[in-house]
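Structures for review follow.
After this come two complexes, each holding chain A, first together with chain B and then together with chain C.
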Partner chain A sequence: MINFILRRLAIAIPTLLLLIVITFVLMYSAPGGPFTSERPLPPQVLANIEAKYGLNQPLWRQIVTYIWGIVTEFDFGPSFQYKDRTVNDVIAQGFPVTLTYGFLSFIVAVAVGVTLGVVAAIRQNTLIDYLAVGTSIGAQVLPNFVMAPILVLTFTLWLGWLPGGGWEGGKIEYLILPVIALSTSYMASIARITRSSMLEVLNSNFIRTARAKGIPERQIIIGHALKPSLLPVISYLGPTFVAMITGSVVIDVYFSTGGIGQMFVNSALSRDYSVMMGVTILMGGLTITFNLIVDILYAWIDPKIRL
Partner chain B sequence: MKHFAFGLTVSFTALTLAATAFAAGNHPETGEALAETQVFTYRVLDEHSSVDPQIVEDVSGSEIVRDLFEGLMNQDADGNLVPGVATDYEVSEGNDEYIFNLRADAKWSNGDPVTAHDFVFAWQRAADPATASPYSWYIELMSIQNGAQIIAGEMPPSELGVEAVDDLTLKVSLTQPLPYFPKMVTHATTFPSPKKVIEEHGAEWTKPENIVSNGAYMLTEHVPNERSVRERNPMYWDNDNTIIDKTVALVINDENTALARYKAGELNRTEIPTGQYPSLKAEFPNQATAFPRLCSYYYTYNLSDSGPEAFKDVRVRQALAYAIDRNVIVENVLQGGQFPAYTFTPGATAGFDVPDVDYAGLSQAERDAKAKELMAEAGYGPGGEKLEFDMLYNTSEAHQQIATVMSQMWKQKLGVEATLANLEWKVFLDTRGNQDFELARGAWCGDYNEASTFLDLVDSGSGYNDGKYSNEMVDQLLAEAKTSKDPSANYTKIEEIMSAEMPVIPIYHYTGSYMMSEDLRNWPVNNVEQNWYSKDLYFAAN
Partner chain C sequence: MLLDTHDVKELSANLAEMDEIKGRSLWADARNRFKRNRAAMVSTFILIGIVIFSFVGPYLAAWSNEEIDWSVLGKVKELGAPSWSNGHYFGTDDLGRDLFARVVQGTQISLMVGVVGALIAVLVGTTYGAVAGYFGGRIDSVMMRIVDILIAMPFMFVLILLLVVFGRSVFMLFVGVGLISWLDMSRIVRGQTLTIKNKEFVEAAQAMGVSHFKIIFRHIIPNLLGVVAVFATQLVPLMILTESFISFLGLGVQEPATSWGALINEGAATMQYGTLWQLLFPLAFFIVSLFCFFFIGDGLRDALDPKDR
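Coming up: the complex of A and B.
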């Protein structure tokens, strides 16, 4: 197991480096640059700015300087767009925000999704099953960019219960709508995956054997069926968790939370190379980490898998 | 020592006055009863680029900078010049030397006096290549001596033609007479900056915990991409007459979300989404407002060598411009009270006499007839060649609607086939800037309230002239206007030439349309540049 983890970590470093280089090259090959604007800068002014940010260097040199800065000082450089701040500032401010609402959404999605899925499976083809499946399909087909305005319309404008956006350091009333909007469709997917996998497990031989032995149904479900039926759910949860904690453009835009999801898109649009790189590395690093965690969890849940 | 004590008493009195005078009192000028709470919250589309006066380049950043810092001159509600840190100025015979007299009671938020040296430092800093200010060209535009050479790195910043004669006298030497120079010092790039603080904190100096500013407000909170808060500066010389206690800018990317939050009472001001003005005006007659802006929406022909041959024929250019029914675009598509444009410069620009361009006076039916005639003469249309070209715009629903309507008009009236092409913003700018287009959308907002801020775009040497239009007469008239005491005749003449040669198709002049709280007073609707200052606003008791 230790060997496995070490091996995976050793692969992670070149993966990240490759990610940096590819992103750099893709970024630079997109037309326009961070200082392209409707009012083109006079060549001399542009040259001064490019010199300040090192953009006048050859590409390979910029990549090397960039990686060197990260390795030696954990310095991801200054933001090209938000000139008062560095990439570290930008991420330090935005990531806790998305981490908060993303993590809460994840908990909600998993708790509600798994419960719905299990209940639907053990009451297959009953009214409860239809309701649970219906709800989750409904939630899945309602994308969050439709969901968000509907929530604001209902809870802010009609009922006046909750603020329509903002963050305020993550006060509970500012969290509720973003968490609902973000978790719904994930919850629906989790419910459907849990239901189908649960059904498969419930029809398998070892469960039949357990039933034949007269073990109480509750114990069969919780003690025997749940763990194996969660395997497909867990492989789904790894990337989902990363996607959720690194935020969602839709949530950030509709609820003005100031999270990192919108920065990913904004930085690409404004060619803020350094912020784009910083956020990409963050997301890449998290993805690699959580894929590893999922693999370890797999081995723990399913003894058939030997690492 | 005694002096210090005196200063302390004065500012203490000012503080007490400020705290008591307006709390539910009356407005000193209008006598109107004031609201208990004086907090102004407004929506901004995007996070600002910076609050460093010499670095800031965007509108939302400049709005904050105008509250935090004060330059030599301010603008009043109509856009006229009023004293800022300078009480008055003198100009030399030849219009190339200005002396600004500074007020003695102007202070930084840390209590230090604001002196002419602070301006010298700031202006040198703006030009210094090491600062790498995206607005350093503004110093060159102001024609300050040696500005261009400093930006090019050929001279040290200390050589800039600006000098502190004494603490309260600032002398500026220009390379050429510039009659509108004082108007240019309301721009953020020219605001003073605190040398001591910048040297102490470096790039971190604009953080709320470090920043020292000389305007009516101080930056007290900044959560990037969410909010920035500015609160009264008790050291500000005119703090006694300032009423708004706190101004909050909330970053809300989506305009419909912003509107919902406005309706929920979370905002005092937000932009009205395209096409919603009529319905909002009907529902909230006292809150929906529209007023002219110094901005033009246009399409530019590519007249360079890479442009299509057909556009080199002035008759084609005119025919396409005539066949656009601007009233349809303004009244049916945009619905925000915009003005149909027949000249490039908006009529609202100060000192600009809108010329009687011939096609503006015709009815649309007459214009259409003329367009068909011109097209036929040029050899296109029925019996002739079929005119086909691409029209390029940056990806946006509103631009797409307008482009669709325009291409339909051309197709129906002239049998012209315009293919719509959209590009993401930066790619679009790159493509247009490299003359890799046939017809491209453009929009321009004035940097200052003077026609040259628009007409410079058609100067053959301008970096903004993406269509590469070139006319010696226009260049000459523009050059003359720079040094003339009354250049308005030149501007009128240039517009006449432009309507005859049609290098661009003016479509409409913008309006600003806002939802604004009913009790918010003094919003400068007549200031076409929309340079507003929180210190001039107030909330009336309702």
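Coming up: the complex of A and C.
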């Protein structure tokens, strides 16, 4: 087990380092420096400022300093556009928002998706099954950036039940639409995966044995069939999490939640490279860590996997 | 005469008929199964229709995609609605530009991004995966570790970074989409290559001294084409989704060029003014096309799955 974790770490750490190097080199090669403005500064002043921020050093030195700052102090450096705040400030402001509804969406997607899948499998070829399968096909072509406008159109413009944007400290009515928009398509995928693996498990020998022994159906499904049929779902959790992180960018922008995605797009539009870098690396780190956890979880649950 | 000419003729006719009974190849079987899949067939026809629409559309449009209809500007809600009489079949957008022409152009760009992404995946991913799987050993593990590392990147963020740094253009979109699309393909192809490379026909080729290069391209890859084709058709909608996602954020193609994502974004931004057609037309094209791609992908997978014979 420890060997396995070490081997996964041996991939995770270079990945993160490579990500930092790629983003840094991209930013470095971008035309125009952070102090290029419409009125050019005198060369001496520019040189002094660049020396102050360490921009006159060779590229590799800058990268090492940057990585060192992140590792030791979790410091992503100053923002290029706003003199009075650092990338850390931006992250601290936007990240809790994204985390709140992202986490909620994740729970909703998994809980509802698994329930729907199990019910569809038990009641195979009934109306509920067809409904579940139908919605999961439909939800595939309704990604979050299509869901969001449709939801706002229905619940804000036509019915007037819910606000179409804003955050207000995470009040429940501001949370509902973002969570639905973000979770729907993953919920559908999870439901489909659960259904097919549940069907497979329900047709296997040990379930037949359990039935022959006269164990009540409810106990068979919860006690015997559920755990093995959730294995493919667990391996799907990694991609789901990643997709939700990227999807949250759309939700942030469309619902103006003030989350980290909105900061990312704003910094992209105003070419605030350091904020973009910080957010990219943070999201990359999160993604890699989460995939690591899922891998370990999977190895721990599935006795058949070879470590 | 030993033989009656009549008999000979009959025999030759019979023989000719016997020629008609051919062995069923894998592809012929697959084609038949695909034809029996009604959803996939209907999707194919609809998709062909959409492709034709995107090519013929510019000749049908009464307006170009950049032209501003000044008579509509400022009164888009009243005068910009879809109508036959003023030539705006799909209405106009908020700036008075003809939505029909813009949808046609958006369709072209979105489909192009999808196809180019899938094409890069087929070319690069297949070669990469086949080489890694065929040589095996250390080459394989190094090549696949590289893929592992790249696949773990938050590619959407890196892609946006790429677009911001090097400027937003259709070409950069192709590059970015191409960078990510081949990764999964190379994994799938490698797995298939591992099962094929120990088969007798590869061994025979090796024994006869055929070069590695030729074995990979003449003997291994042709046997993978089924898997590659299935995965490629499933990649096209994913690439379209990726591009639409970025364009929806306003970071994709630059005006006046447009794509489905950008059009949906514009429509969504203006829907509270009551100009719903700006959202519904691009949305309809987007959803219908994606549906078609998914059904075709499913149909192809069922058709080419050897387990189903």
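The working rule: the second predicted complex is superposed on the first by the 235 of 307 C-alpha atoms of A that agree within 3 Å, B and C clash if a C-alpha of one lies under 4 Å from a C-alpha of the other, contacts with A are read in each partner's own complex, and residues count from 1 in each chain.
As a convention for this text, contacts are C-beta pairs under 8 Å (C-beta built on N, C-alpha and C of every residue); 3 or more make two chains touch, one makes a residue touch a chain.
Just so we're clear, the structure is a prediction, and the values are computed from it rather than from any experiment.
By the touch criterion defined above, A:45 reaches chain B but does not reach chain C.
In the superposed model, A:94 makes contact with chain B only, not with chain C. When the two complexes are overlaid on their common chain A, residue A:229 makes contact with neither chain B nor chain C.
In the superposed model, A:264 lies in contact with chain C only, and not with chain B. Once the two complexes are laid over each other on the shared chain, residue contacts for A:30 go to chain B and to chain C alike.
When the two complexes are overlaid on their common chain A, residue A:141 makes contact with chain C while staying clear of chain B.
Within the superposed three-chain model, A:184 lies out of touch with both chain B and chain C [touch as defined at top].
Once the two complexes are laid over each other on the shared chain, residue contacts for A:153 go to chain B and to chain C alike. By the touch criterion stated above, A:197 is placed in contact with neither chain B nor chain C. Comparing which residues of chain A touch chain B with which touch chain C, the overlap comprises 30, 148-149, 152-153, 157, 253-254, 269, 271. Taken in their complex, chain C has these residues touching chain A: 145, 148-149, 152-154, 156-158, 160-162, 164-165, 237, 241, 244-245, 248-251, 261, 264-265, 267-268, 271-272, 276, 279, 283, 286-287, 290-291, 294. Interface residues of chain A, counted against chain B in their complex, comprise 30-33, 35-42, 44-45, 48-49, 51-53, 78, 81-85, 89-90, 93-94, 148-149, 152-153, 156-157, 160, 163-167, 252-259, 262-263, 266, 269-271. Across the complex, chain B meets chain A through its residues 46-47, 49-52, 55, 57, 129-130, 132-134, 136-137, 140, 151-153, 203, 206-207, 223-227, 250-254, 256-257, 260-261, 263-264, 266, 424-427, 429-431, 433, 443-444, 463-464. Across the complex, chain C is touched by residues 11-12, 14-15, 18-19, 22-23, 26-27, 29-30, 137, 140-143, 145-146, 148-149, 152-153, 157, 242, 245-246, 249-250, 253-254, 264-265, 268-269, 271, 273, 276-277, 279-280, 283-284, 287-288, 291 of chain A.
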